[in-house]
Amino acid sequence: MLKLQGISKTYKVGTFGGKALHAVCDVDLDVGSGEVVSLIGESGSGKTTIGKMILKLISITSGSAFFKDIDITTLKGRELKEYYRKVQGVFQDPFSSYNPIFKADHIFAMIKTEFYPDVKPGDWSQKVDACLKDVGLNPPDVLGKFPHQLSGGQLQRFLIARALLLETEFLVADEIISMLDASRRIDVLNLLADLKKKGLSILFITHDLSLAYYISDRAVILYRGSIVEMGSTERVYFNPQHPYTRMLMATVPRLDQAWEDVEIAIRQKQLPIGQGCVYFGRCPFASEQCSLEQPQLDEFEKDHQVACFNCKRG
Amino acid sequence: MRRYFGRKVLIYLLTFFVAVTIDWLIPRFMPGDPVLSMLGRVGTAHPDTVNAMREYFTRVFGLDVPIWQQYLNFWASLLRGDLGVSVYRFPREVADVIMTAVPYDIALLVPSILLSWIAGNKFGAYAARRKWLDNTILPLGYTLTATPYMWLAILLAWGLGIKLDLFPIAGAYAFDMAPHWSWRFISSVLHHWILPFASLFLVNFGGWAIGMRNVIIYELEADYSHYLEALGAPQQLVRKYAYRNALLPQLTGLALQLGVIVAGALVTEVVFSYPGIGFQLLAAVQNQDYFLLQGCFLFIIVGVLLANFIIDIVYVIVDPRTRRGMTGEMA
Amino acid sequence: MMEKKSKKRNEFFYFAFKNNKLRIGLLIVLFFLVMAIIGPSFTENDPLSFIHRGVPLKPFESEDFIFGTTVFGQDVYSQFVYGLRATFVVGAIGGGLATLIGVIVGFIGGYMGGKTDEGLNMGTNIVLVIPTLAVLLIISAYLEVRGILLESVFIGCTAWPWTARAVRAQTFSLRSREFVDLAKMSGMKSLKIIFKEIAPNMMSYLLLVFILQFGGATLNAATLDFIGLGPTQGISLGLMMNHAVAHSALLLDIWWWFIPPGLAITAIVGALYVTNVGLDEVFNPKLREM
Amino acid sequence: MSLHVENLKVYYQTLRGDVRALDGATFDIADGEIMGLAGESGCGKTTLAHSLIRLTPPLKFIEGKVELDGEELPLADMEKMDDFRFRKISIVPQYAMNALNPTRKIRKMTAELLASKGASMKAIETELQRRLDLVGLNPEVLDMYPIELSGGMKQRMVMVLSTLLDPSLLMADEITSALDVSTQKAVAEMLVEFRDRNFVKSMMIITHDISILYQVADTIMIMYAGQLAEKASRETVIDSPRHPYTKMLISSLPQVGVQVNVTRLAGIPGTPPQLLEPPQGCRFRARCPLAFEKCLQVPPFVEVEPGHMVACWKEPGKHA
């Protein structure tokens, strides 16, 4: 469904754009149809940047991206509009995704004028009601209201309903539930799971490991712009190889077991990106080789890849 | 750090360049032949002065030479400090005429700006403290900033000057005196200086008071103020920090307001016929003396740019955020 | 076409009328506006023509010169009302133009970002530093014939920088909001996004900016007229004061010649600032408690 | 006995009337106890924390008694509370990342703050250095401006500063929610160490993330819509909660090891009530599957077992 090959993003920073900030460096990722892949990383790992590049909201510095083997790297104008029929995104802050001066269902009106101008109003409102029911909302309660009159959960489901209206095949969900309360989150997760069964493939971007485990088939661990470990969720979670993933699994707070006392290296000076392993600064097993070359992702076991020199020996 | 100043200097040089170009462009931009129109205005019928003037004007304007050559000549003469000759005081150089006026300007502008800035900020801070203070200082502040500079000057001149006859309302010192170092002369200069200073001071004061009142309310709502209150710090310490941090945006405000204040000083000088650049400017306008006009324009530009640059330096020294921000965080 | 937020709309009016700063400010401005519009119809005297002979009349001394006369026998009342009219014209056109340029520069700079933004921002900072009055002086001095329209245009063209900076900052913050990304993902083109999604959010802010520009243009015009570089024909409040000072009205104690014009400008501009504060309080409730 | 709160009521003034954000809280925190305070947004946990240390408009004190180490706290009186603030009761605020004055060197700000409270910087300097090492901060930090520090460093600095005078009660308001997983664990464990080294006598950690509390808190108190629901030791709250809301809340939290197609977790139907005109009696009544007519009266917050308090008529406690 979606294939990223060597995707990179570099920002110009500094007064005259002197210094370069490597947000993402040559990431390979593919998401099959009807598959949920979770992209896990702490803040600053570049996960949102990847999401935005897929949604063509920011430019891709280098590398290429294919959607059902159409090259979308340089998509523009009409083709880009068609692309948005198939690929949509939902963002973290529900209240920032709505223009405060319009009613919430203005987002439906937008896609009607852009994508379905000739659909008769009667059929259109039927389609809208159907999609709202699919996402578990009762149309009369939510239509005609302003964003500040609806809850975060309702607003997020509105956005998902919008994607359904476009018969989207690929959804980028960027931290969509981190702003919701604990008890509201599970409903949205269950909704995503139901849509997955109906064939929607999802890139679930989050920093919360337990949410990712609950919903995704494959997990991708990202650190400072590069993938350090990737594979089926069970293997990555219960047989973590990369020291960063192991540290993450040890530090995630659980409700059934106390924290292991894994030594957390307070962040020292890290190597500049591209020279040696990204995790070099904090890795307890770092060797000479780690500071010189960047380890590539390779097969550790079936459907489980790691980017680390010591793992094969470990 | 050097880069920050480098960029600032670049902007100021660019501004100066643009200003001078405007100054050069305008006469050539206007319809009609500037030499003829100026000659027509000078209005002296006497033939040889007219010829001398025409020869002089054509040479100065250099209309015979291609346009870019004129531009270079203009810059060349500017850099030599030769701003041309004043028309209505014919033999005297424009630069010389202006130089006599500048000291009065500085004597008027610098004290009125600084004192009004300090007093305005102090009052603005008080205003934010209590409701009734806010309801008195705020309307007063708004009326003062809304008052045209020249009108307040007129009111003071008429009220304190003529009606109550407390202060003289014209000139920089008594007419029967020549400038010399004696107590009598200095007291006369001071006596003449009071009213123009007061009128400039009051109008600016209103602006700073309002500005400070709004900024300090914002600072008192900032997180660090809440934290200090949560730790039981006395109000006096919380207000001290908020006041110091509120001064910084007021400093940038001062830089931005300079242009308006200088304009205000010009008209105040006109009302009190105080022999600063404003007065020369009025004379230049009334006598169609373009070179004096352009000379005054350049001096004002240079003065404002210099002041802006000084304020920028002071800002970097006072606000650690800009200074240390540049060396980046120690992640 | 744009479903206004009905609930927010009447809430806005509810607080607007309760806010006394807004009420007082608006009242004063309207009073002078009405005076400027219908005032001239009460007098046939041309503001500049010398009508009355002899010692200048005090206000209300004679009923056909209710505001008294100048040292040349001109009718102060007709000068005042025509002057008011000129002031409102300059304020509206000059202020409007400055706001317009500032908004366009601010919008494009804020939305596009990158090189265009840096260039526009550099330009804005340069014009911001140059003392606008000095530029106006030079331009006006060289023009033989100066109409009020031309003066307003010049004032408008030199007063836009700080509006551009303010609008640019607003656009920057709105642009990073996610509903702009959502609009992009709905296939809307940038221009449509600017005017359909971003601009409506800033309507209230633009009104505030226009009010301040109106006041600024009025003050600038009065200063220019006072130096004698105002419109060559017709009258304005600044010109009135110029004539008064030039013909030593102060010494002759003809206070009714120079007090009313200055008072009118101060009242109008002051009222505008107070209205601005009132509107600001209405638009963001946080300020209301103070 | 560290903190004793009795029937504390604090409302939130808004233009449309008073939001009854905290409606009668009665609980204790013993010496040496780290109490976790959890609940969904709008349940009143932040109102409780802020009312104990800085009760300013728009918060309004209604009624209630609060004692700290036997002395009554004059919550409503800003000036009198100053003697208690920083010395007896202190807070690490949610906005710790920008709680330091940006234009002051940290040493200068600390010195001025201590001087204003009658403590001297010199006397505390060595202890301050020691505590900075403990939290992994280089003592040079004192001579820097806040802008030169990273977010995490600023937060640790505020933690040290807030506990410098060894207050008897420290409140940590959502200090882990903005951090990455790894730093979250480091900060949470630092809090425990502050208690173990007696920098603070007792602590209240406010967060919406119950799994963090399970790791570091001794007891956990759950709040719902301005009322206390349940308080018990961390194991009891997680393994054998008795209040219906706690049960449904805990069961709706996805955990590593739980997958949707294996065990589908259930959310809590309905939405929390708005507190301008809150529903009568127990505020969870509308969403509670066990609700019956007695729930129309507010259930008392009563001890059903030693150290286990519940506010629910269905729970047979001593009063049943």
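Per-chain residue numbering starts at 1, and chain names A, B, C and D are given in the order in which the chains are listed.
We adopt the following convention: a residue touches a chain if its C-beta (ideal position, glycine included) is under 8 Å from a C-beta of that chain, and two chains touch if they have at least 3 such contacts.
Predicted, not measured: the structure shown is a model, and the values here were computed from it.
Relative to the whole-protein C-alpha centroid, the nearest chain centroid is that of C. Chain pair with the highest count of contacting C-beta pairs: B-C.
Averaging Cα coordinates per chain places chain A and chain B 56 Å apart.
If you average the CA atoms of chain C and of chain D, the two centres end up 52 Å from each other. Per-chain Cα centroids separate chain A from chain D by 32 Å. With touch defined as above, residues shared between interfaces to two or more other chains in chain B number as follows: 331.
For chain D, the set of residues that touch two or more other chains is empty.
Counting partner chains per residue, chain A has no residue touching two or more of them. Residues of chain C touching chain B in their complex: 122, 125-126, 128-135, 137-139, 141-144, 162, 215, 219, 222-223, 226-229, 238, 241, 244-245, 250-251, 253, 255, 258-259, 261-263, 265-270, 272-274, 277, 290.
Interface residues of chain A, counted against chain D in their complex, comprise 42-43, 151, 181-187, 189-190, 193, 207, 209-211, 213-215, 233, 237, 247-249, 251-256, 258-259, 264, 266.
If you check the complex, the residues on chain D that touch chain A are 40-41, 136, 180-182, 184-186, 189, 208-212, 214-215, 238, 248-250, 252-261, 264-268, 271. Considering their complex, residues 222-224, 226-234, 237, 241, 244-245, 248, 319-321, 324-325, 327, 329-331 of chain B touch chain D. Residues of chain B that touch chain C in their complex: 11-12, 14-15, 18-19, 22-23, 26-27, 30, 34, 37, 134, 139, 142-143, 145-152, 154-155, 157-158, 161-162, 169, 217, 256, 258-260, 262-264, 266-267, 270-271, 281-282, 284-286, 288, 290, 293-294, 296-297, 300-301, 304-305, 308.
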